[in-house]
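Shared between the two complexes below is subunit A, which has subunit B as its partner in the first and subunit C in the second.
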Partner chain A sequence: MEINKYNAIVKKHTPKENILLNCLISFIVGGFMGVVGEILIELYAYYLHIPTKEASTFMIITLVFLGCFFTALGFFDNWVRFAKCGLIVPITGFAHAMMSAALEYRREGFVTGLGSNMFKLAGSVILFGVVSAYVFGILRIILMGG
Partner chain B sequence: MIYVNAFIFCGIVCLIGQLILDNTKLTPGHITTMFVIIGAFLDSFNIYDKFVLFAGGGALVPITSFGHLLIHGAMDTVNTFGVMGLFMGMFDLTSSGIVAAIIFSFFFSLFFQPRD
Partner chain C sequence: MTQEYENVYINDTATISGTYEAKGPLSNFFDKSYNDLYFGSKSWEDAEIKMLGECIDILLQKTKKKISNIDALISGDLLNQIVSSSFNASKVGIPFIGIYAACSTSTLGLLIASNMIEAKQAKSIITSVSSHNCTSEKQFRQPVEYGGPKPKTATFTVTGAASALVSSKKSKIRITSSTLGSVVDSGVKDAFNMGAVMAPAAAKTIYTHLVNTKTKVGDYDLILTGDLGRYGKDILKDYMEKEYGIELNNLDDTACMIYDIDKQDVYAGGSGPACIPLVTYGYILDKMKKGKLKKVLMVATGSLHSQVTVNLKKTIPAVSHAICLEANL
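What follows is the complex of A and B.
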């Protein structure tokens, strides 16, 4: 089959996504996550009497816990299918990536399964985060003196 | 007011992610990685701090804050120990997120079975 014809067939059968609706949903869900984060920070700061900086750390731990918990229960995949980037871009997406890899490879054993595959999806975030932070840190030392 | 700012900022970051996801062939993994690098880039020129002041939790929830916290921790130790500080303090502030993700994933994977 000619390549053009093949491409036309592939294009015809690729499911069409409503880009505008997707964007609206991810804007609303993402914004809602941001508001939840802010509310959690203020709740922790108010009730535990800790500074805002530590309260934001507690908030991140809470969101990671919720992301892991609902992924483990099986709800989170459906929510991600609905909200897409509204839940992938917040820190819950990181937790979701790690938790689903852990669940999937758990049955292959502890060391060869869980241990070596847990970071399969989330590892790139850590790797490129560290590498880029290192490079930009060096740039910053050279340009601005630390 | 900060709730509105948080809603708008976090919503816009997710919107940009969704636009990239819909209009290119990149996977969600590419997008989160890209956002971490963007966060580290913005924070190395002190831009992300302004976002945090503006939107509070709204700027700390998206994955861009991960890059921001990496650079922030590294720069704190650079101020005390010089260039070697880059190696020492990078995980100081992000350790909570990473450790929480590892611990919860490990223990939940012991008790729960994958659904499909």
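What follows is the complex of A and C.
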């Protein structure tokens, strides 16, 4: 059988993903994460009497800690399965990616396991994050003069 | 290549399952089930090695045989360098054939054992397989705790180990024939749609077996494929009809049987080398011993990819081996 004909059979029996529903869930959960972040910033700024910029750093630390903590307790992956990019795209997803790889490879030793595998998933986030920061930084200088 | 056998029997079997399988509809048919995924070991790999070892021990206890009375161990699993099997082979210390045919390892093991028994090269052979959801996730996909989103066509690797004692000593289950499958490349690249990857291999093996043994689909009470999943099963039926003009009306797939696929969160169903033997050695053989099924064609299917070939965006080859079981009551 030709590949095209076989692909047609495969396509006929392959279920459609609920893209709209997934987007909606991700949008709501992601938005909720934004609200939680904003509340944390306001609370830190109010109670610790610090500027908003510093409070947002505290907020990031808090969310990263919670992402790691819930991953270590073993139920964050269930939330990720449900909320998908709603939890993967925010900073919690980055923490979760690092923590899950660290947990997985810890048994293979600190250097050969944990050290060399911890960035297995998060490595590309860091690399392309830094690269795009450079690109957009240069564009900003060219277009807006700094 | 199809072989017919006169004097090959499955004397006894042993199965161990993990937690998800124990919550499924076939839980009563497993010899042992664990209620966590570490089994008291420190790593997933240790856990799988331990599970396979215990499975062989249970088989020896059930058959009241000593390991020294067994001529050879044929075993395989999914891990790189089939370590679960090799490490257990080192423990038991009898001649060992390590095999890899991905999720079709179980029937390949039975096939090699049957050939050796029929040719009187050996009197009794243990064939075993294992798979562990977490070792597979780690090796083929992402870290277990990451839980990234997957499409509906993805399958859930079965945690379990299964062993069978094959010999020329008469018992209620006879292995009457086998077909060694050839590798088929369906042109599919998606490792999350292994049903589509493996369906043409299963179809080719089933067709070859029917032609070579001069049988029809209706001669079998059940044709049991390995782990095509709920969508792969439909693809196989459709493909078989269009390519070979054969209607598979007595087909079932163990991926859909081992879990309650509507209630358990397992995507399209189970997969892994342990999937088909865990269902067959407990549930199906029990039905055969009770006379409810007389002739069953066990068609395990394996997707022969590695994470590297998937990253290289290569098409995935697949293989399927068939074993015909008949009740000998």
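FYI, the second predicted complex is superposed on the first by the 125 of 146 C-alpha atoms of A that agree within 3 Å, B and C clash if a C-alpha of one lies under 4 Å from a C-alpha of the other, contacts with A are read in each partner's own complex, and residues count from 1 in each chain.
The working rule: a contact is a pair of C-beta atoms (placed from the backbone, for glycine too) under 8 Å apart; a residue touches a chain by one contact, two chains touch by 3 or more.
These numbers were taken from a predicted model, which means no experiment stands behind them.
When the two complexes are overlaid on their common chain A, residue A:Ala133 makes contact with subunit B while staying clear of subunit C. Annotation for subunit A, partner touching more residues between subunit B and subunit C: B. Of the two partner chains, subunit B is the only one touched by A:Val64; subunit C is not.
In the superposed model, A:Gly31 lies in contact with subunit B only, and not with subunit C. With both structures placed on the common chain, the touch criterion links A:Asp77 to subunit B and to subunit C.
Using the contact criterion defined above for the overlaid structures, shared-chain residue A:Leu121 touches subunit B and also reaches subunit C.
Look at A:Pro15: by the touch rule set out above, it reaches subunit C but stays clear of subunit B. Contacts of A:Ile88 after superposition on the shared chain: both subunit B and subunit C are touched. In the superposition on chain A, A:Met99 makes contact with both subunit B and subunit C. When the two complexes are superposed on chain A, the residues of subunit A that touch both subunit B and subunit C are 17, 22, 71, 74, 77, 84-85, 88, 97, 99-101, 103-104, 121. The part of subunit A that touches subunit C in the complex is made up of residues 1, 3, 5-7, 9-10, 12-15, 17, 22, 71, 74, 76-78, 80-81, 84-85, 88, 96-97, 99-101, 103-105, 107, 120-121. Residues 42-43, 138, 142-149, 151-153, 186-188, 193, 196, 200, 231, 234-235, 238-239, 242-243, 265 of subunit C are the ones that touch subunit A when the two sit in their complex.
Listed in rising order, the residues of subunit A touching subunit B in the complex are 17, 19, 22-23, 26-41, 56-57, 59-61, 63-65, 68-69, 71-74, 77, 84-86, 88-91, 93-95, 97-104, 106, 114, 118, 121-122, 124-126, 128-130, 132-134, 136-141, 146. Residues 2-3, 6-15, 17-19, 21-23, 28-29, 31-33, 35-37, 40-41, 43-45, 55-63, 65-67, 70-71, 74-75, 78-79, 83, 86, 90, 93-94, 96-98, 100-102, 104-106, 108-116 of subunit B touch subunit A in their complex.
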